[in-house]
Amino acid sequence: MRNVYLAVFAALAVLTAVTVGASYMHLARPQAIAVGVCIAAVKVSLIVFFFMHMKFEGRIIRWLMVAALFFALILLFFILPDLGWSCAVCFGGEGSPMIQGFTWGIAVLLSLPALLFGAFAFFIIRSIRRKNELTRDHSTAI
Amino acid sequence: MNSNYGWWLPVAASSYAGRIDGSLAILHWAMVIIFGLWAVYMAYCLIRYRSSASPRADYHFTESMKALTPDVVILVFEVWLIFFVGVPIWAHIREDLPKPPEAVTVGVTAEQFAWTAHYPGADGQFGKQDIRLVNAGNPLGLDPADTAGQDDVVSVNTLVLPVGKRVLINLSAKDVIHSFFVPEFRIKQDAVPGMRIKLWVEPTLEGKFELGCAQLCGTGHYRMRADVLVKSAEEYQKWLDAQKKGI
Amino acid sequence: MERVETFWSKYVFSLDHKVIGIQYMITSLLFLLFGFSLVLLMRWQLAYPGHPIPLIGRFLPDFIAAGGIMHPAAYNTLGAMHGTIMIFLGIVPLGVGAFGNYILPLQIGARDMAFPRINMLSYWNYFAGGVLMLMSFVLPGGAAQSGWTSYAPLSIVSPGQTVWLIAMTFLITSSLLGSINFIVTTLNLRAPGLTFSRLPLFVWAQFITAIILLFAFPVLQAAAILQLLDRVAGTSFYLPTDLIVGGNILDNAGGGSVLLWQHLFWFLAHPEVYVLLLPAMGIVAEILANGTRKPIFGYKEIAGSFAFIAFLSFIVWAHHMFVSGLKTKLSYLFMTTTMIISVPSVAILTCFLLSLKGASIRYRLPMLFALAFLPLFGIGGLTGLPLGFTPTDVYLHDTYYVIGHFHYVVVTGSMIALMGGIYYWFPKMFGRKMNEKWGHVHFWGTVIAMNGVFFPMFIQGMAGVQRRLYDPTVQAHNLAVQPLNILMTASAFILLLFQIPFIWNFFHSIFKGEKTEENPWQATTLEWACPSPPLPHRNFDKEPVVRRGPYEYSVPGRGEDFWPQDKP
Amino acid sequence: MSDSHAMADTNTGIPSGKLGMWVFLASEVMLFGGFISSYVILRTGSTNFVVPGKEMLGVPLAMVNTFVLITSSVTMVLALDAIEKGNVKGLIRNLIFTLILAACFLGIKSYEYPHKWHEGITISSGLFGSFYYTLTGLHMLHVVGGMAYMGYLLRNALAGRYTVQSHARVEYAGLYWHFVDLVWVILFPIFYLL
């Protein structure tokens, strides 16, 4: 396992240098944010999967961290349209494309977890029901 | 006692008050019906299934999708209510803002324990405001140098509106959150410092109404009130001309 | 880890989840009584504004009631502290701390919580937060006076909020430590055979409440720290530029947003109100199943609804902000999510009502409380409809209608269920029964007096009486319904009188109550399988093995009408 | 694989301590999530959010700081790897390295703060300063907490308390430390680079 850790270490160091370099390249704001966030996300996932052994953990812990991240993102993306884009100019303009875009973004964001949880719940119920069939025929026997 | 207020809702004195009262009535009738059915059903069960009348409970009555029909009924009722009643009214109240030429524009600024109305005067322009000029005599900090502000009218704790015309209110606050609430107009909007929020109302009844603050704003929250006088168009104009202009 | 058992380690710094449960219970009951007495002062001021407070008026210091007549700032302080104490120091610690700590490990057949030391730390954090909250009355700056919601900028410019914020961080830490304990205990320490589909609904409720607490409370911790810095360190997270307070211009850097506090606060506070509700629903499910001698109707629907409510409660919060300058597009979204969340609540109530059908109802004391919960919580739930629906919320927001709504849900809902829980598990905690006669007196008096206090609030709300008014008679539109205040104040005092038999009954029966054996209610869940009071540090003499579902009552073909989970 | 991943005697097979640490980290995600959301919201929405120029922020020094924290994260994982192979001396060596690196991180920060005060970025100078000191201050508190945790581990390791069979606490400290490093990996770009 030692060389895996050293490899991850090298990757993190290189990524740090890259992200600093990218910030000196004076990209346009949205691109700069995108690059910065993506590099940070890669580094975070490297740390979580290798250093924190997430690769070998049970699914309960994986679901726990997914839920935590999900609720944190809800906080971000639900408040943003209200304060986020209320710049002085477009405050009055309800119909400004930015707010419209964001509202549709949220609608998609809302349907995604609903689908996710729906599928997740469906699989669980199906497995419980199948297990009940198996145990029912011999549980009443005892 | 003032005849505007009774045991149920105060008198409806604005154009959309009727529609809001309608929604209130629909909802309260629905609640009474649902609660009534629940109560009748529960009373029946309490008597019919008391231990002396049914010594052994029924083990099998624990699962039936049919039993969730009341939820479906309430959900359908709510879907209808929101998309066919709620959204139209809410869009009408919030986003159907009148344009200046055909609407009277009034600036209302809330501060700790007083409402200050600001009329643009004949030129229809609001004077520039600067908070460094705020003092007892000049509650809104109007800039004397600015020509647009010369004909502005500032009235504290008295909001005079013409009947039958749509009024566009620019609501703001100086210090903490207050809430512009006139029960008779069925209108409520928080006055948030740092934001200038637009709302509109069309008074349909002449008379004296009351503007209160609905958001806790300090020790004087209970005495923060102003008179709302709805007059005919001529009297409104007469009142406006009689007021002191500018600073 | 047998430590030498001294008085201190046995009763004060105990690691045993049962002792910590009782510590939570007695502390939270005392806080509830204190919070309730604050509201009696407020009710007196509302019924007879400007008249000196009887009896204790003369002794109050001048800044509270000069010459016996209450000062407006004191009224706001009472309002803010009443809300804070009842929610954060009263009902949540009673529902989650006391019942959760005591009953959850017993119901899953565990010897103790997963982390006993963290459990003790959680109680003492709660105790420190409570003491600090009480001391804030006398500390310089006084107690908080901008409502339990402490909206910025009022909470930043008015005195008395700093100690409140520090006490809140203690309470939040206590709740977080508690929720970590509950989640790990429920996941890891269940008795053999106790699968998730055999968990009692009380354990489901506590488990899901712990998950809500885990994800919601840290956000309030962050918001409280930001507000504390705004007050103390001159930052301006919530202060916009150019604020002028009391004639002088605030010299802050500005740029902050007032709505940010409301978003962060309600992101916690809405899941928090479900934290107040879910333990009570868990208790009602237990008592209903036991009282109707029948498996609860729709076990899977109720457990599923708990989980669905928990998930939805995180995307619903801005229905508190419809008139606060929220974008209208967003209010459509939150109106729809509020409608969706009303579905599982109705589903739970329908399942409870349907479990009465085909039952054999025994009208004993806990069952009375559970039955009273159903209609009263029904009123609370239904009156939530006009508040979640924007056109009617425009009129009803921040009026007494809102106060009536949440008191019906929390007081005649959760509080009644928690009292039922006390009567139900008292024999298990102390091996003795509470006096039935005084119990009935307390039940009927409390239910009637509660309705006397809270139902007129709906009428006042429709008349447009705003909330948190020190003296409603100043505004003309409140005069029509002012006589109702006198009725409500009288009912509030009667409610206090009817609590006396409960307090006397509670403490008297601990020592002199009628002795009972280990399963007086003939219930089926695991906590009744161990002796009462359960063995210290071990609970069960031999570890129970679970063989069937939690509510196997009136199984056809069996003599007794209950089949405990662990019996063969 | 090392035995610490073996099936514990709990229902889920995960030892309670590890599950408890992960649940605690979930609440920490929400805590930092709340702060970072407020920062992003005010930075995009606020009317006057003055962002100081890069030269005032001292980006090269911060890069070195990030590098230091990542190295401490690696030495922590090597410490865990050592004890899983039973090499107690390796555990102690790496723990000491991690502690030194953490102290070095705090040292660089304590140099950076006064430097920023002279630049005029103070906690009440503007929203950027307020958020910067609040978030990095809270992160430093977590670093100090982590160092105390590792000091406790070092004392036990020197007393020979940890062996191949029982070294769960080392793993939990590792989880916590990696989380603290992870938070800095997020804070670094949002404050210094964007």
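To keep things simple, chains are lettered A, B, C and D as they appear, and every chain counts its residues starting from 1.
Operating definition for what follows: a contact is a pair of C-beta atoms (placed from the backbone, for glycine too) under 8 Å apart; a residue touches a chain by one contact, two chains touch by 3 or more.
This structure is a prediction, so every number in the text was calculated from the model and none was measured.
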From chain B, the most remote chain by mean C-alpha position
D
Need the central chain here, defined by C-alpha centroid distance to the all-chain C-alpha centroid.
C
Quick one: report the Å distance separating chain B from chain C, using the average Cα coordinate of each chain.
31
Rounded Å distance, chain B centre to chain D centre (Cα mean):
49
Starting from the mean Cα coordinates of chain A and chain B, work out the distance between those two points in Å.
40
CA centroids of chain A and chain D: separation to the nearest Å works out as 21
Shared-contact residues (touching 2 or more other chains) in chain C:
187, 215, 219, 240-241, 257, 259-260, 264, 267, 328
Residue numbers of chain D (touch at least two other chains):
12, 14, 19, 23, 26-27, 30, 33-34, 41-42, 45, 47
Would you pick out the residues of chain B that each touch at least 2 other chains?
95, 194-195
Considering only the defined contacts, which chain C positions touch chain D in the complex?
114-115, 118, 176, 179-181, 183-184, 187-190, 214-219, 221-223, 225-226, 229, 233-237, 240-241, 252-257, 260, 264, 267
Chain C touches which residues of chain D in the complex?
8, 10-12, 14, 16, 19-20, 23-24, 26-28, 30-31, 33-35, 38, 41-42, 45-49, 123-127, 130-131, 134, 138
Quick check on the complex: what are the chain C residues that touch chain B?
71-73, 76, 79, 145-147, 151, 153-154, 157-158, 240-247, 249, 257-259, 292-301, 323-325, 328, 331-332, 335-336, 339, 342-343, 346-347, 349-351, 353-363, 371, 374-375, 378-379, 382-383, 385-386, 389-392, 394-395, 397-399, 459, 462-464, 466-472, 474-477, 479-481, 553-556, 561
Could you please specify the touching residues of chain B with respect to chain C in the complex?
1-2, 4-10, 19-20, 23-24, 27-28, 30-31, 34-35, 38-39, 41-42, 45-46, 49-51, 54-59, 61-63, 67-68, 70-71, 74-75, 78-79, 81-82, 85-87, 89-91, 93-95, 111-112, 131-132, 134-135, 174-177, 179, 181, 183-184, 186-190, 192-195, 197, 210, 212-223, 225
Could you pull out which chain C residues touch chain A in their complex?
187, 197, 211, 215, 219, 257, 259-260, 263-264, 267, 304, 311, 314-315, 318, 326-330, 333, 337, 547
